[in-house]
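So that we are looking at the same thing, I have put the structure below in structure tokens.
Chain IDs A, B, C and D follow the sequence of writing; residue 1 opens each chain.
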Amino acid sequence: MARLIPLATAIAELVAPGSTVALEGFTHLIPFAAAAEIIRQRIGHLTLVRLTPDLVADWLIGVGLVDRLIFSWGGNPGVGSLHRFRDSVQQGWPRPLELEEHSHAGLVNRYVAGAAGLPFAVLRAYAGTSLNGIHPNIRSITCPFTGEELAAVPALNPDVGIVHAQQADRDGNVMIWGITGVQKEVILASKRSLVTVEEVVDEFGEHANSIRIPEFLIDAVAVVPGGARPSYASGYYDRDNDFYLAWDRIARDRDGFLAWIREHVERRADA
Amino acid sequence: MARLIPLATAIAELVAPGSTVALEGFTHLIPFAAAAEIIRQRIGHLTLVRLTPDLVADWLIGVGLVDRLIFSWGGNPGVGSLHRFRDSVQQGWPRPLELEEHSHAGLVNRYVAGAAGLPFAVLRAYAGTSLNGIHPNIRSITCPFTGEELAAVPALNPDVGIVHAQQADRDGNVMIWGITGVQKEVILASKRSLVTVEEVVDEFGEHANSIRIPEFLIDAVAVVPGGARPSYASGYYDRDNDFYLAWDRIARDRDGFLAWIREHVERRADA
Amino acid sequence: MPEFSAREMMIIAAARALRDEHNCFVGIGVPSVAANLARRLYNPSLMLIYESGCIGAKPTRLPLSIGDSELSDTSMTVVSVPEIFNYWLQGGKVDVGFLGAAQIDRYGNLNSTVIGDYDHPTVRLPGAGGAPDIAAFAKEVFVVLDQSVRSFVPELGFVTSVGHFAHGRTRHEWGLPGGGPTQVITNLGILVPNEGELELRWIHPSVELKDVRQHTGWDLKISPDLACTSEPEEWELKELRRLEER
Amino acid sequence: MPEFSAREMMIIAAARALRDEHNCFVGIGVPSVAANLARRLYNPSLMLIYESGCIGAKPTRLPLSIGDSELSDTSMTVVSVPEIFNYWLQGGKVDVGFLGAAQIDRYGNLNSTVIGDYDHPTVRLPGAGGAPDIAAFAKEVFVVLDQSVRSFVPELGFVTSVGHFAHGRTRHEWGLPGGGPTQVITNLGILVPNEGELELRWIHPSVELKDVRQHTGWDLKISPDLACTSEPEEWELKELRRLEER
């Protein structure tokens, strides 16, 4: 069921203007190459979903392709703020950004409910915080056994889920090891899914802490070596920490950012 | 935190008369040795929790140590009925057995809620079945977003969770591979926990589909080679399918069953 | 024409039904034999899913239980039991679920819990296990069981798994997302639902209509398109017998 | 007496606080330095837990993010992010959570979301991440941040993480199971809650009381047991500097 196709074809087929697109990868295996391709194809009015909208979100927000962001932490990890994200929230540049903001636990459980075929998830969260009430997707629910009040969040079923993985086999099954984040939940919850991979192998090896995702859950696999750079792929390459530090300067200025995107994303040949 | 102690000491310390005891292991790694030790110490009036009360439950029920059974499937897998379980339900021998009966999904989610620190779990289940209404631990709940009616089950936090694993390391961390069932949830949900293991190793190897449980969640580790027999331990020994077939005959008759227990469980030296 | 038993016909009919499916949630017994036979004969890419968490199992011999090492050792991946029920079954990823039962009624409801009163049963059966969840969520359900007046009953004392109409409501009204039983494959023929009620659609070779009627506890409807199941081929029987020998 | 910076004093004070703990949920920055220092100096069996799912990480160099390969490569196990939040944090398995923030109030409530109006913020901060969950569930919480009138404010515009009293209710009344902040460790001293309100309990060497008061945006209570933090030892400083060099 998982077809091995070029990245450009996969993005053109799976991502439409106005789509709700989840791009996941928790520090590890962030699908940068797929985001770059969305920019090259200028697919806009997206609802972007990402627990930690970091540089990859700064790219998409800064070029004006995102109308709405569902997220829980928007920063440059270990470095500081995300200037394009801040500029769009504070100044509405290049366009205003509608926010649906959660804690990690809240957004994670939106995916979990989506993966589990439930309309909502229950969690102990948000009690006493100002997050409660900033948008309608945090409600309360009463335990039918103890009478306790808990929080409820609605299931999230993105139109497209995109993740990067280390390997696919020839049937299109996918293997991820190291930090696996919410990747499995995103694939299970999404209506369509794309996995970019470092390489295709004949057989998977044994890895503690690995997950494998069967081909019948994946619509397209695209081979994109280095597709998670500047983040990292355990067993393949390290995180480009220098680039994360440099990004603080690159993204601080609107024109500088746009010039960088033109140079490094738009002019780059298709993967 | 996990102390390495003899099985008899662990059972004496952790299991008290009237305890709610979860014995888990889904076909694989069933903690038979621990159950045998409970029988030798004649700790009674137990609430036994087990998704698939198979031979291990037949032992405990047949000798009269179980007052209440929380379960979802009670049979001899691939063989047929569980005669001691049937005899206690149908004839009240050796004592009546109170049942709290679920589907697998329902009982699994009682553990999940217990592990997750929630008072209940939500699932799509029981709608239209006669399971709805046979006990008070299946209730309904309304989605605060869609208005849908779903089922709710209360969290289960057993007094003691007992599982068998392949290996512990010298710190008392535990590693399981192959079919991992609900073992992690049981350890996380239980107030106290005991893990019997095949052996203690210096370092864990890499195994796809493995889980590791940190020592600080485990109260006691007891080394019991063969502790899952007649079930199996992946990488150590196979399932004794002949014994499962023979059990049908052994357990059919009350006196024959008691004689077998006397011979093979009660007289066996401490592990 | 090769000799074959009614049981062999039933298994082969069940295996044939899996020809075009992507994946199948397999219970032990006849379903397991049928699913493994299908993978060998008609559908090598059929993904077998077991409730023990084994996904993409490729057993070389038939397992005795749903959790044999033969399954976990040959699987593409093994996930936890909570995951298999919450993400895979309830999450709507299963194409076909296979179920057996002690009893069935005309709506495809199944009983595998008790015969007689729940609190004072005549026969206590093993119980639900994963059956109600498979019946609720698999896109379609194949039921496999021997046909007799004891098993094909006019009314169930206990509904363990919902077919097309139970306790006064349709499965749609109960909010069950899966399609319910689409085939009930027996030693005598194959029943399919027509507006929720099972009717005989295929009859196995050398079985007579009156046999089927005699072995059904209600006034069985017969499809106007009733046809005869094509008989097992030599190569189908050979592979089935080889599989069961191992 | 060795020379040391206020930042070094803060980190060493935070590390010392982990002396007798079993496990610690670690955020990036000062908490990560402190937790790793504690594992080296005082508590070699301290289990480090990161929100990326890394449990029992033993990094040899300080990670830049909570998800560096240094963490997953050295961990006892790595679990999914849903699991770390649902089973480990919400499940009540975490002894100490470490939090930083842009702002804190006298009840130990933290703001890491926005300065100014939520819809039209003066400064948009990264947001909640795992902080509200850590604040809710860890058995105790250590807060680490620099003390100034901009960060120690009389009232928060936005409560991201609940301390001891927020929006008119105690944390107990909000149903939060963890113990809340038990220590607020700054560059000037250590504050501990007394009936829910932070008071200065320790003051760092060579800091004067009026400095602490000047850098607090409310009328700070001083504990009757106010004492001086013992100054960093040579060996503590040496290991800290070695760790940050790598």
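The definition used in the following text is that a contact is a pair of C-beta atoms (placed from the backbone, for glycine too) under 8 Å apart; a residue touches a chain by one contact, two chains touch by 3 or more.
Labels paired with UniProt names: A, B = CoA transferase subunit A; C, D = CoA-transferase subunit beta.
Just so it is clear, the model here is predicted, and its values are computed rather than measured.
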Overlap of the chain A and chain D neighbour lists contains B
Set A-C beside B-C; more C-beta pairs touch across B-C
Note: chain B sits from chain A at a C-alpha centroid distance in Å of 39
The distance between the C-alpha centres of chain C and chain D, rounded to whole Å, is 56
Rounded to the nearest Å, the gap separating the Cα centres of chain B and chain C is 28
Residues of chain D that touch at least two other chains are 77, 86, 90, 137, 177
The positions of chain B in contact with two or more other chains are 117-118, 123-124, 148, 184-185, 208, 211-212
As the complex stands, chain C meets chain B at residues 28-29, 51-54, 63-69, 71-73, 75, 77-82, 85-86, 89-90, 113, 118, 121-133, 136-137, 158-162, 166-167, 169, 171, 174-177
Contacts from chain A onto chain D in the complex sit at residues 26-28, 51-52, 71-75, 77-79, 81-82, 85-86, 89-90, 101-105, 108-109, 111-112, 123-131, 134, 148-149, 178-182, 184-185, 208-209, 211, 232, 234, 238-239, 241, 244
Counting only contacts in the complex, chain A reaches chain C at residues 1, 115-118, 171, 173, 184-185, 188, 211-214, 216-217
Given the complex, residues on chain B that touch chain A span 117-124, 137, 139-141, 143-146, 148, 150, 152, 154, 204-208, 210, 212
Interface with chain B, chain D side, in the complex: residues 22-23, 45, 47, 55-56, 76-77, 86-87, 90-93, 137, 177
